[in-house]
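One structure below.
Labels A, B and C are assigned to the chains in the order they are written; within every chain, residues are numbered from 1.
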């Protein structure tokens, strides 16, 4: 067996790597400009190479074509990686960030107020935010049902580089760009009108 | 994901000046306003894709140069104005240019890096799904809030995420509650300063929503706790009068 | 050189494959339970293997971690592939690159500081960079007006092939390069003459 990949093999490898779904042989021949037979040979040789050299990757023949996947015996460690990556880099879904935004700008605020603004149930996202230590329960609202009130935490301020809640960007700060854009356009139309008039 | 750097245009007026100097068309120490204007004007007329933005930036540069001249010509400036260099570029522009140049170079380096990096592709499939935000992204946080608010205020229809349309009424104001109470307290103070005495009815009458009503009551309670006002009824079922102390 | 991958190498390979973004050495050691030294050895050996056997894949040190990507010489053929061709293209103007450079070298920096250096209003270009996730708001500057502060992001490092901000040429290096260039071109020397004269 050859010790290195052919030009076609490495091209097929790169295509399968970037592909989001299984790739058909037809598509591989079209992209590479090689014959079906060569592409099929390259696929099978690539798979043999992965196996012989004990790569962590392999090729699967699926209904739609070929797909690059990790070796099945690595499942456990990959699940562990997901946990590790998930806990190391805290990333928030749009729903979570949106909820955090509602709490930050309206604190102290009850869950039903959050839900009223967002228009969707928010119990689980609030749990997530509590779990990350980004929001905390800050007492109960007086009145019927005395619901819990939520506030952001010191950790939130630290992570977002804020000295105080009042330091949250105002609408003007984030959106004066749009206002400027329309100003420029107005100025422009006056300008071009003038030029046309010349 | 693939990347592309748009080239061909200028990054700004300082970029234009640098380009002019480097092409030896002019010397920076002897930049004359009319020279810059005619050279840049020529460039703009030769470039077919001149945008209005570029024109505006050019006008702003020309204005800066002229302003420099005006300053130099003012009689009370201590630097004597010699007739032969009355057309010279203002000092601050030269300083601005030499401060700017390393960044212009850096932008070039960045462009090269960007292009070089774009030849490598990472996996596309894996990062599909809902957009996720790095924790600490204040911009994303803030933008989400203001958009949410606009959607509610505009009574927008449910969007791709399936939000339902509902009335804006009753949704808290977009400022922390403490601030709202403080604002209302100040309004009441101002009113009392002006009139000395108001009825509770007057204070509560123009409120559009329950939460604003609650806010107003909280403000009154806080002011009375601070000893700034007093509320009383002259007789049973009479109006409640609020007076400043 | 050994002809097949070790258990650690194939595990690292599989992790980098599923991660699709840079993974730090710390995350790799935590997931695999191996020492930092072994993980680093595995990464470098994996990269050598890819190169020696002419794989279509390679490893890049980006944003403080490692990312698996396709070889750069396959750019052309991959641009023909549907998933790549159909993906979002980020277009960066010269103004965007310049603004990014000002932010990268001065972070954290306010918009008015950016504008002072660039000599032109920069609100819209900053907005574009924010939208692409290349810069982010990182708190407020203390003092009058408490303006927002901007920083570059990990994504910036990822897209510009940087392992860290320190990997950028220093401002001094850039200035030296300009000074050297000016020795050869007369027009440019006007700048240095002015600066010496100050």
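In this text, a contact is a pair of C-beta atoms (placed from the backbone, for glycine too) under 8 Å apart; a residue touches a chain by one contact, two chains touch by 3 or more.
Predicted, not measured: the structure shown is a model, and the values here were computed from it.
Chemist: If you tally contacting C-beta pairs for every chain pair, which pair wins?
Modeler: B-C
Chemist: From the centre of subunit A, which chain's CA centre is farthest?
Modeler: B
Chemist: Subunit B to subunit C: how many Å between their CA centres?
Modeler: So the centroids are 27 Å from each other.
Chemist: Using mean C-alpha positions as chain centres, tell me how far subunit A is from subunit C in Å, no decimals.
Modeler: Computed from C-alpha means, the inter-chain centre distance equals 19 Å.
Chemist: Quick check: what residues of subunit B touch more than one other chain, meaning two or more?
Modeler: Expected reply: 121-125, 134, 136-140, 142.
Chemist: Do you know which subunit A residues sit against two or more other chains?
Modeler: 14, 17-21, 160-162, 169
Chemist: Tell me, which parts of subunit B touch subunit A in their complex?
Modeler: It comes out as residues 52-53, 55-56, 121-125, 128, 130-146, 148-149, 152, 158, 161-166, 170-177, 179.
Chemist: With touch defined as at the start, can you tell me which subunit B residues reach subunit C in the complex?
Modeler: Subunit B reaches subunit C through residues 1-7, 9-15, 21-25, 27-29, 57, 60-61, 64, 94-107, 109-111, 113-114, 116-127, 134, 136-140, 142.
Chemist: Quick one: in the complex, what on subunit A touches subunit C?
Modeler: Listed in rising order, the residues are 3-5, 9-15, 17-21, 27, 31-32, 49, 52-57, 68, 70-71, 74, 77-78, 80-81, 84-85, 88, 160-163, 167, 169, 173, 176-177, 180-181.
Chemist: Over in the complex, which subunit C residues touch subunit B? Could you list them?
Modeler: Residue list for subunit C touching subunit B: 17-21, 58, 60, 67-73, 75, 78-79, 83-84, 87-95, 97-98, 100-102, 104-105, 117-120, 130, 136-139, 148, 153-154, 159-162, 168-169, 171, 174-175, 177-178, 185-188, 190-191, 193-195, 198.
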